[in-house]
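What follows are several structures.
Across the two complexes that follow, chain A remains constant while its partner is chain B and subsequently chain C.
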Partner chain A sequence: MKKGLTKWLTGMMIGTLLLTTAGCGGGSAPAANSESEGAGAAKIGVVAYLSGGGAAYGQSQKEGLDLAKDEINALGKVKIDLVYEDSRGNNTEAINAVNKLINKDNVVALIGPTLSGEMFASGPIANQSEVPIMGTSTTAEGITDIGEFVFRNALPESSAVPQAVKMAVQKYNLKKVAMMYSSNNDWAVSGYKTMAQALKDNGVEVLATETFADKDTDFSAQLTKISSLKPDAIMVSSLYQEAALVLKKAREIGITVPFVGTNGFNSPELIKIAGQAADDAIVASPWYPGKENEKITKFVTDYKAKYNKIPDQFAAQSYDALYIYASALEKAGSSTDRAKLRDSLATIKDFQGVTGKFAFDEKRNPLMDATVLIVKDGQFTELK
Partner chain B sequence: MDIILNQYYLQIVIFVLVNAILGVSIYMTLSTGQLSLGNAGFMSIGAYTCAILTVKAGFPVYLAIPIGGAAASFISLIIGYPALRLTGIYLAIATLGFGEVVRVIILNLKITNGALGISGIPTLGTKISKMLSSFGLSRFGGLTAQQTSNLLVLVVLIFILAFLVFFCTRLNRSRVGRAFASIKADESAAEAMGINTTYYKLLAFALGAFIAGMAGGLSAHLTFFIGPKDFAYHRTVEILSFAVLGGSDLIIGPIVGALLLTMLPELLRSASEYRLMIYGALMVIMMAFRPQGLISKETVRFWKRKLGRRINQ
Partner chain C sequence: MFWQQLVNGLTLGSTYSLVALGYTLIMGVLNIINMAHGEVFMFGAFVGLFLVNYLKVNIFVAMAGAMAASALLGILLEMLALRPLRRRAVSDLAPLISTIGVSIFLENLALKIFGPQSQAFPAGALSGVQLQLGPIRITLVQIVILGISFGLMFVLRFWLSKTRVGKAIRTTAESIETANLLGINTNKIILLTVALASALGGIAGVLVGLSINAVEPTMGLSMGLKGLAVLILGGMGNITGAMLGGLILGIAEVFTVAYGASSYRDAVAFGIIILILFIRPQGLFGKRQGGRF
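Let's look at the complex of A and B:
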């Protein structure tokens, strides 16, 4: 009797499994077979963080790319096909995904991966295979040092943060500040270093530097200490979760000075979590959906119509990235020649995207201006 | 031939082999019946030692990798001496804690570049091809430089794994191996028989750490980049699951486990977003029906009998 039951259970489990496999096979078929776009379509591989803790970032990127792809294909100057691979935020997975896209799908170029660490691991593979790869969210130092074929349109922290610091120093006449950063996050540490350098360049004195860790929830010790030093402003480098809690705690214990943040501040979630406490938080962003600009308004309305939400920075930068590829493809005049595409990509300049005027410098980093934003009454507004 | 030489497949096979070596490392400690969850920690010690030696001190890779293993092994002796007084779940927790301690230390040291990790690590492949070309062997008919380097890495890894398997099978038949087996079967009885259990447990622990450290060094030179995140708790679980899935009775068990668990996510890529769900479901099913792991002594006996009969007919 027991044996019968086991057999029955096995049958059921395997049956369910087969059904799911068959079901998702059917579900993903249209995405995989989008070659029907035409024989001349340029195949671009995308490696993104589509499942796991950072899946929200990858999802935004995918949405931005899909929107851009539809528009570009509708325009008809070049045809683009996208092949997505999930990296799970894991370095070896990113390497495998890049290898698969290059050697199995024969893509002409790559977009992604989402995280800087993943880029450090998988970028060299693309570079060795001489396939252009463009990071849309890889802001860490040294990404493009990987090689000639590695590009990014993500504004590196080293360029965005100093703009925010400079603006804040001028506006609020900052003389002495305190700093806080998340010491176990590669990206936050890198942001902290740029911030410290920018403060030094602007002749601002740092009274104290306090650290915390990702996923920390209690910041009272650090903030009490900082509060007693009476700084003119507090600089924070961390992801939005911790940043929001820092803001909340700071306002609670009576710190009213402005906060300047790295890119982690640049999320609507910051305001959602911190609420009123988020006021006077300053951040430099390549992306500001409220800007008066025809292109941006159109992108925001189209994106809203399609996904029913305001595009974030990840979506905007990916959207621009595909357009940059499209104009490079157009100039290269070939949808399969990787070397030609690289060369025409490197000469891109005066490109008008939703994240502003754009060009690659000689090290394939973006040359672009960031908009310095400040939170007022629960809204990001331009700091002027 | 094209399929075999495809970079993508070569790369997967390379990861399979590195994971198989990690599988052997956990098999080593399991062969004395000790459940150590410190392998990711040892792996990171090996990886960082090796990467720092090659990137910052300019050591040749073939020296740096064994040094990485030795460093891990040395630390394991320091940790192991007090920790191995614990058994079962307590040892597991202690070694798990050790892994986290290593990660946090790495996160805060200057030489390891903290959370930013070490990037720009030279690859094993290019190193080996350079070495070969200095002997006058540069190109193999019709292969690209990348294929050559990947194939060379593959050969080196297969050689290392084969050596480890050979070593372990020989070890099992030696006095040391018998001592390991007796400790696994019953520690008190083994002690009563005059076996120095602390010594043998420590030996197995150090050997496992050495292998894990080497695997760490190898993987650092295969992924170009290492950061503290790569050696967190989930890595330990991954290594342990090779042995759990494949079975830990025989050395072939963790190797098969590593093979399956590394290939599966790649084979399931076509299922896109359902990939990890299917992967999880398969794990659950396998555990429900083969709690002892895929390969046990009985499995080998069964197939030997079956195949033997066929040959006799």
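Let's look at the complex of A and C:
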């Protein structure tokens, strides 16, 4: 009885707290921070997965953003100030971070959060407060349906995955495949659904569908089962950590068929962790560091000089995102007006970034092409 | 496929057993659950990785090094987080909470020192070698894990029941006060137990790191939870129970995936644990009162 009462009380207190913070979100939106106005720097809040299991993703994003910020400020057309908040991959933390950045730091716009699930949780708050928010790695279906203020420059899975599947089906003459995905990750589940649809469209039979969870390390049971069915290829929707371990285990038990992945495959870390086992992994990517393009070469060289590694997709898309904001800020002509920034952001087109030519469609999703890549001898190369 | 899945289950299960042995020792003697054990396990894996990658030592030397470093970590844990609480008459839950604190501290320390990326042992450090026995494919690491966990179980059982120190540990487990009256230096015995349990955690870390070929700061959490489940399944503080409990959990998980649906893996595995606990609330090998090990 007594325990029940305490629980109730705590629940109510948390409820009240949430209500109060949510209330703040609506009211204080137009208030501008006089200090930043004086300096003329636009304050942009970043919510990223900076600690915990997926900290590697948030770290890449931070590095891409920091590099872009330094370059933009050196150019001097607009000044940008970044305020980072750590979401720890947790929906509640992401909501808190967005609330803090909007109400306490008075940011003019937001970048992030890292995970699609976090965006589904915290995007509505930014939208209600009428603060533009741009996801750089939120590729799940339905992200921009949250509202008018939600943007993304992450190529949605619905556009990238079918390109990879189609290419693989043609190239390897796939008839029957097996699928694997992480069932406790919104984004991976959405990627799996897109993949299943793409397979159906191409008339490929799915022999088996196996699931696992984020942070799982043992995949021997699933792969032993799949191996006995002898598929032509295996489709995987998960983040790179699990994807790399799946690849390793698969090659270890003698599965040699190609793997087709969703965006999670799209990282040098996949190759670093899986090593030789990563060969014949196929993925569609808006980001390909090997492309011959002056802009890309410069970005890769600068990034390498600063952080001593090749930028991955998370870094590249965050880098582009900040440049997109910068050009929108320049057009809007104000570093504090959130509504103006949103409108000028929505009109961005013919933007040339490191991830290619870029424009927002009417639903604030990116219009861009993907390159289908395959790992050969530990390197991503174009699948032709 | 059945035999291959059985081997998969046994090897997965033996990693659970290895982790559960550490919990079991501390549970048996101090009657507390050491929530930091998963993180000690993770640190052991990193120490082993460091020794192999940077000092280029043999993998077995690295295992010994990881055991030594983890034992040291265990000694610090006992002195800083457990002993001060034992001196005062505090709630039984206090050591549980303080070990949770240690686990959070260690995980974040590892994130700071080693970074969030998962790292792998170099090829040729025992991993990668595999044997084909009829329909079964088994890696050398899996054989070593099976061998070491069974070996440790027998050594521990013998040591606890036959040697002088083992008897002192068992006496301390019965009652710290009585052991004190009998002239046993219980502080020393407890310190030894925690160090030993942590050393087991350390070697388990290296072995599991070798088997999945990925070492990262949050690996302790999920392993720790599985270890806890095994501790309860086997009967709190019973070594044979921990060993068999781990194997049962591993086989249950693998067979759920193999012959059922992979999304129900944990549901079925833990369902079986609940079922067993309905029939034997004290766990597989636990006795209703006293008389541990």
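Going forward, the second predicted complex is superposed on the first by the 346 of 384 C-alpha atoms of A that agree within 3 Å, B and C clash if a C-alpha of one lies under 4 Å from a C-alpha of the other, contacts with A are read in each partner's own complex, and residues count from 1 in each chain.
Keep this in mind: a contact is a pair of C-beta atoms (placed from the backbone, for glycine too) under 8 Å apart; a residue touches a chain by one contact, two chains touch by 3 or more.
Given the structure is predicted, the values throughout are model-derived calculations rather than measurements.
Chemist: Quick one: is A:186 in contact with chain B, with chain C, with both, or with neither? Answer first, second, both or neither.
Modeler: It touches chain B, and chain C stays clear.
Chemist: Which partner reaches more residues of chain A, chain B or chain C?
Modeler: B
Chemist: Now for A:379: first (chain B), second (chain C), both, or neither, which partner does it touch?
Modeler: A:379 contacts neither chain B nor chain C.
Chemist: On the A-aligned overlay, A:106 touches which partner chain: chain B = first, chain C = second, or both, or neither?
Modeler: Touch status of A:106: no partner.
Chemist: So, A:220: does it touch chain B (first), chain C (second), both, or neither?
Modeler: A:220 sits against chain C, while chain B stays out of touch.
Chemist: Kindly classify A:120 by the partners it touches after superposition: chain B alone (first), chain C alone (second), both, or neither?
Modeler: first
Chemist: Applying the document's definition of touch, where does A:228 land relative to chain B and chain C: first, second, both, or neither?
Modeler: A:228 contacts chain C only, not chain B.
Chemist: Just checking: does A:84 make contact with chain B only, chain C only, both, or neither of them? Give me first, second, both or neither.
Modeler: It touches chain B, and chain C stays clear.
Chemist: Output check: A:96 vs chain B and chain C. Expected answer is one of first, second, both, neither. What do you get?
Modeler: It touches chain B, and chain C stays clear.
Chemist: Per the contact definition in the header, classify A:241: touching chain B only (first), chain C only (second), both, or neither.
Modeler: Once the two structures are laid over each other on A, A:241 reaches chain C alone.
Chemist: Identify the residues of chain A that lie in both the chain B contact region and the chain C contact region.
Modeler: 51, 183
Chemist: Applying the document's contact rule, which stretches of chain B touch chain A when the two form their complex?
Modeler: Result: residues 6-8, 11-12, 15, 104, 107-108, 114-117, 119-120, 123, 146, 223-225, 227-230, 265-266, 269-278, 281-282, 285, 289 of chain B touch chain A.
Chemist: In the complex formed with chain C, which residues of chain A make contact?
Modeler: By the definition above, chain A touches chain C via 51-56, 59, 183, 210-213, 215-218, 220-222, 224-225, 228, 241, 244-245, 248, 252-254, 269, 272-273, 275.
Chemist: Could you please specify the touching residues of chain A with respect to chain B in the complex?
Modeler: Within the complex, chain A touches chain B at residues 10, 13-14, 16-17, 20-21, 23-25, 27-28, 31-32, 50-51, 84-86, 88, 91-93, 95-96, 99-100, 102-104, 117, 120-121, 123-125, 128-129, 140, 142, 145-146, 183-186, 188-190.
Chemist: Can you name the residues of chain C that touch chain A in the complex?
Modeler: 1, 4-5, 8-9, 11-12, 108, 111, 115-118, 120, 123, 128, 130, 137, 139, 208, 212-214, 216, 218-219, 221-222, 253-255, 257-258, 261-263, 266
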